[in-house]
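Structure incoming, see below.
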Amino acid sequence: MPDGWTPSPIERERLAYRRTRTRRSALIAATSTIVLLAVGILVVINTPGWPQFRDSFFDIKYGWQVLPQIAEGLWLNVRLMVVCEIVILALAMAIALARTLRGPVFFPVRAAAIAYTDLFRGLPLILVLYMLGFGMPSLRVSWLPSSALFWGCVALVLSYSAYVAEVFRAGIESVHPSQRAAARSLGLSHGQTMRHVVVPQAVRRVLPPLLNDLVSLQKDTGLISVLGVIYDAVLNARIETAATFNYTPYVVAGLLFVLLTIPMTRFTDWVARRQGWTGAGGAP
Amino acid sequence: MSEVGGSQGRRREAAGPASGVPSEQLDTVSGANESGTVSDGGAGAALLRISHLRKAYGSNVVLRDLSLDVPDHQCVALIGASGSGKSTLLRCINLLEVVEDGQVFLQGKDITDPRVDGDTVRTTVGIVFQSFNLFPHMTVLDNITLAPRRVHRVGRRAAEADGMAMLERVGLADKASAKPDELSGGQQQRVAIARALVGKPLLMLFDEVTSALDPELVGEVLDLLAELREDGMTMLVATHEMSFARQVADRVVFLADGEVAEEGSPQQIFDGPTDPRTQRFLRRILDGGRL
Amino acid sequence: SSTGSTGGSGSPSNSASNSASVGGSSSASVGSSSTSPSSESPSESTSGGSSSESISNGPSTGTTACSPADLKTKKPGTLTIATDQPVYEPWFVDNDPANGKGFEGAVAYAVAQQLGYSKDQVTWMRASFDSVISPAPKEFDFDINEFSITSQRAKVVDFSSGYYDVAQAVVTTKGSKIAGAKSLADLKNATLGAQIGTTSLNAINNIIKPSVKPAVFTTNDDAVKALQNGQIDGVVTDLPTAFYMSGAQLDNGVIVGQLPADTGQPEQFGLLIEKGSPITSCVSGAVDALRADGTLAKLAEQWLAQAGAPELK
Amino acid sequence: MPDGWTPSPIERERLAYRRTRTRRSALIAATSTIVLLAVGILVVINTPGWPQFRDSFFDIKYGWQVLPQIAEGLWLNVRLMVVCEIVILALAMAIALARTLRGPVFFPVRAAAIAYTDLFRGLPLILVLYMLGFGMPSLRVSWLPSSALFWGCVALVLSYSAYVAEVFRAGIESVHPSQRAAARSLGLSHGQTMRHVVVPQAVRRVLPPLLNDLVSLQKDTGLISVLGVIYDAVLNARIETAATFNYTPYVVAGLLFVLLTIPMTRFTDWVARRQGWTGAGGAP
Amino acid sequence: MSEVGGSQGRRREAAGPASGVPSEQLDTVSGANESGTVSDGGAGAALLRISHLRKAYGSNVVLRDLSLDVPDHQCVALIGASGSGKSTLLRCINLLEVVEDGQVFLQGKDITDPRVDGDTVRTTVGIVFQSFNLFPHMTVLDNITLAPRRVHRVGRRAAEADGMAMLERVGLADKASAKPDELSGGQQQRVAIARALVGKPLLMLFDEVTSALDPELVGEVLDLLAELREDGMTMLVATHEMSFARQVADRVVFLADGEVAEEGSPQQIFDGPTDPRTQRFLRRILDGGRL
């Protein structure tokens, strides 16, 4: 400390008390959590069906055996996710910004954006996949790409853009209008205001739901496999399960997905915390 | 209404670029429905001329029939009770609100004309808000350099040098890389002033700039304002500080019931008010021991 | 989404063959006409032939137009055959169609051979059920994956003549409440399951008419799991699959019995070919020839369970 | 007007100009949108594959025929959605609030909430459905419900709570800490502050992403059908499509979903607009 | 530090209920580490006693070693430069910040003791913030009745009657069903004051309450504060208004460098300041023409 301050005895006593109390409460909470978990696990393990359940879902040896194949599928999921996500974010932001335009002049633009959102958010992804993945090639137009993988990605982009656009819109609307007024008063145009003032604050506020969509996109890339062109993690798991009547490959795929999600979550949390207030909690 | 109704002019061209070319010679254009001679409001001397302005929020008519001149290189103080529409007037001048009727002339150009580009007008008019409205996701320096860099296309290095100089001037150079949330209210207000000044506007609008400042700093800010006026700045200052209005302003305007109830030199207003509303207002302040 | 699966329903032609024991003597019950089924309504053409008699001749074999040199396959000189991913026993073995094992694997190679293709001239590819049934252009010459021939489906794709007559059977576990069922009436209050897109589902609804709505599963695996858990009382599937389920998939599985056909029309599996394909008649001819010379019967005997199952009345 | 104000000629001229300009711009925008759409439709209709495409996806007679059955399935989707959504919202809010607890005392609670979110957001829903729907009954415990429908709903609740909790968290964190300070200074407890001050503002800000999750929940209720217990709209469509090789039933289901989504969207937008600033747009 | 270090006391009990039973006779409890006599700070008269308070944000030490008494029924004005920590001090008293060292005694009870329930303390201490912090999703009346209804469990009808009376007092009865965003700055500040007062706290903390008010209203608010003091209210008022400090306060405290640089009666401070920092501060204000 630059001013040579050392805690007074009373402060030290307070700190000690707080530490004790914290430690005790944390201990109680941790113990109860662990005990609860342990009891749950014990109950499950002692049920008559447990050995069969374990063999069906947690056959460790078999899990190791299928791991490489499923990991390879996951790598495909990840690549598809990255490619689609970039397009989705751009398109969704454009739609969200279109919806924020005010005045009767922009009515058609706004209406188009709303119609887009309503349509592609409402349609089941599987239908969009079928219509594009099977329907487009069936039009037999030479200049249209006929790759099912391409159309599968287009379907993902169309569906997810509608969702992500709504997320962005929520963020944009949560920025107080006085921020816009301040920016406009500095001479920034509507576009510049959005770009430099509103959108950065908006995105930061909706990072968790954005990540939600990213995580489910990552899993839904696998749906392209209905078009019969890719072997993603879940399809690989299904193939294995079909061969052995054992659900362990699904569990392996699930765990890999979880392991992939965790760093993404921590990263976005970190980004969110780095800029602006952390929010939450407040007074002691 | 009737005066304006008879003869009116409007401009086809948008307001000029950021540089303040004083009232260019513009063609008079016949209106689609009526034509007439240009009523710039006689322009010339008055950088800002407000003519029969009306603004309402729903059925709440805030500004009724307000006319006001702010001559070049002058500091006009706007006083009036809370809710009398001072902030609203400033927002209308900066085109942050669409007026319901009447006109606002800047350098003789009717900026309320829908053909005028609002962004260009706003680059020439600076405003400091009552609530500071800093951008919470940017550092203090970024707040200040945003407009120069994005609107005036100044390079980052030059903008930051300017910005630092301006921060120096308001005594906050050491907070350049802090976030607004980490500043005290007074510090935030000074950053807001610096942000508005760095764009070198022709006209500055101040809305209660001193309300969050501690008395020590008020002096500094007053010096700053005086200095600005020396540099040729025209200012319209909404304020509750009667001492400020008395000592710094060239003219004082008293708002009441959505109009200019009285205006004149500080001596006229403070020592010999003629309007009964002004008299009552000043008497109550005097009772509060604040004059 | 659904995995590939056995053939479909379609209101008119939905019953299994009425032959007493398909497993025992499948060749005896083959009943397909020799005319090309690529026409608008294959069910008409199949019913046009006498339904449960053996056919004596396979007319389209041996014509020069059907040799590899003339056949307009997707990739000239090779025959591209598709099936689903994954595929199941007893139709294929080890999810590997190229090993020629399993009934459909063997039939596919037999058809290829009949058309004049050697084993190396056959390429396998995988196509999901959903992609096969779409109007999109196909990359395969034919798909073999227990597709039932129906007139509605024939509007979208071509079918060859049938290569197998299907019967439906009920599988359950020992000790279940329907394990001792002797008649259709005994199944009335049972919860039965079947795979989506199969005629089994229609068989439940039209023949058993249970009081509880049948459970529909994406795959037979899921149906078996539900049966093991006691969530359903029985699974209805085609007879060969039923044998495989009770023998290999279930520890204590039993076949309750075989379901009767409710109309006179036999249900058949056919090879699925792109709509309007030039090779349809050749492929049909090859299938007809294989039936005529007893190859299909031999392969059925080799790969499909041979034990009979009592028919439920 | 109470003060007898009538627009001045200049104002009337301005209004007229604005109206003309608005009308012209709106016309241009509307025309270009419609022309674009029309051209797109014409191109598609004139492709060689169009008749087959139309028969496969837009067989109107067949669509009418399957409509009642699919509508019945949709009604099941809706009921499941409502039941699950109530539980999901409650659980998700609890998790989000648990994550906002500060101080080392609450570390175990926070950690449990984070672990829950990470796990159930990362796991593919299909795996959770299998593990619960087939796994739980296979334990053969008499006091556990064995209904696959029950376990299917539990799986939906577990998965979706994780997503919705993140949405709520974003909302809670976007409320400025000074709001919390103000509430605490009035003597409100942490819970009261959350309930009366923070959560109402938070929910309003995240209504669009919340609706996102509601809309996809509505569609994902259909996934319970892998357990073989329900006939939802998509399953009914799939049964039909598998039988006839015609995708029209999917299109019918998709359109019904869209029709269901639109009023929900308009309703939430209306709710959001009713309270607090509308945001968006700002200066002219 | 050393004075307190030698002998200290602390309370096992949480702060009493909202009713202000003045300094009950409490048992002295030996501390876990050290024991000694009770140093209530001599309690009795002083409703609020601050002793050797320290508060830092990271490495920025805002309050260093601050001691201060606010006697019952008195109004103490807190003056000092911007950033001197006035707002921070008020937040510490209201337990919105955890202090780093030192103690705050309310009615003789050490409220910085971690065993004390902060919510109960806060119900007895009202605060009005520099930035108003109204709840934007509630109407003005709901803002005001929230705490009475939820904390004090007053019925809706009674709470709204009280709330309307309070709004009447600050002259905003007609805005009862407006949302905060529709109010002018001054109107919002008055609502914030009404909201804090309606809970009938023992001690009121005001942070720049008059900064956003127009001069007419300042008089009214000052009357309000004087009236409150008559009713037995104890007040600590952070302000930049020297005229306010001079006319209303019983005592004036000048903050500098994180400590109390000087304190005394308004006469002492304004007419004969002894600390050089106070002298400099006042001289600059005088130069600004604001005293």
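To keep things simple, chains are lettered A, B, C, D and E as they appear, and every chain counts its residues starting from 1.
In the analysis below, contacts are C-beta pairs under 8 Å (C-beta built on N, C-alpha and C of every residue); 3 or more make two chains touch, one makes a residue touch a chain.
As the structure is a prediction and not an experimental result, all values here were calculated from the model.
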Per the touch definition, the chains contacting both chain D and chain E are A, B
Chain-touch separation of chain A and chain C, in steps, is 1
Strictly by count of touching C-beta pairs, the top pair is A-D
With centres defined as the mean of Cα atoms, the chain at greatest distance from chain B is chain C
Between the Cα centroids of chain B and chain C the separation in whole angstrom comes to 84
Note: chain E sits from chain B at a C-alpha centroid distance in Å of 35
The distance between the C-alpha centres of chain A and chain E, rounded to whole Å, is 45
Chain A and chain B have mean C-alpha positions lying a whole-number Å distance apart equal to 46
So chain A residues touching two or more other chains come to 21, 56, 126, 130, 134-135, 138, 140, 181, 184-185, 277, 283-284
Each of the following residues of chain C touches two or more other chains, namely 1, 134-135, 225
Listed in rising order, chain B residues that touch 2 or more other chains are 96, 118, 131
One finds touching chains in the pairs A-B, A-C, A-D, A-E, B-D, B-E, C-D, D-E
Seen from chain D, its contact residues with chain C in the complex are 49, 52-53, 55-56, 134, 137-138, 140, 146, 148, 225-229, 231, 235, 238-239, 241-247
Per the touch rule, the chain B residues reaching chain E in their complex are 57, 80-84, 87, 130-131, 182, 184-187, 208, 211-219, 222, 240-243, 247, 281, 284-285, 287-291
Listed in rising order, the residues of chain D that touch chain B in the complex are 1-3, 5-14, 16-18, 21, 283-284
Listed in rising order, chain E residues that touch chain D in their complex are 91, 94, 96, 118-120, 122-127, 129, 131, 133-137, 146-147, 150-151, 179, 181, 195-196, 199
Contacts from chain D onto chain A in the complex sit at residues 21-22, 25-26, 29-30, 32-33, 44, 47-50, 52-53, 56-57, 99-109, 112, 117-119, 121-128, 130-131, 134-135, 138-141, 163, 166-167, 169-170, 172-177, 180-181, 184, 190, 193, 205-209, 211-213, 215-216, 219, 222, 234, 247, 250-251, 253-254, 257-262, 265, 272, 277-284
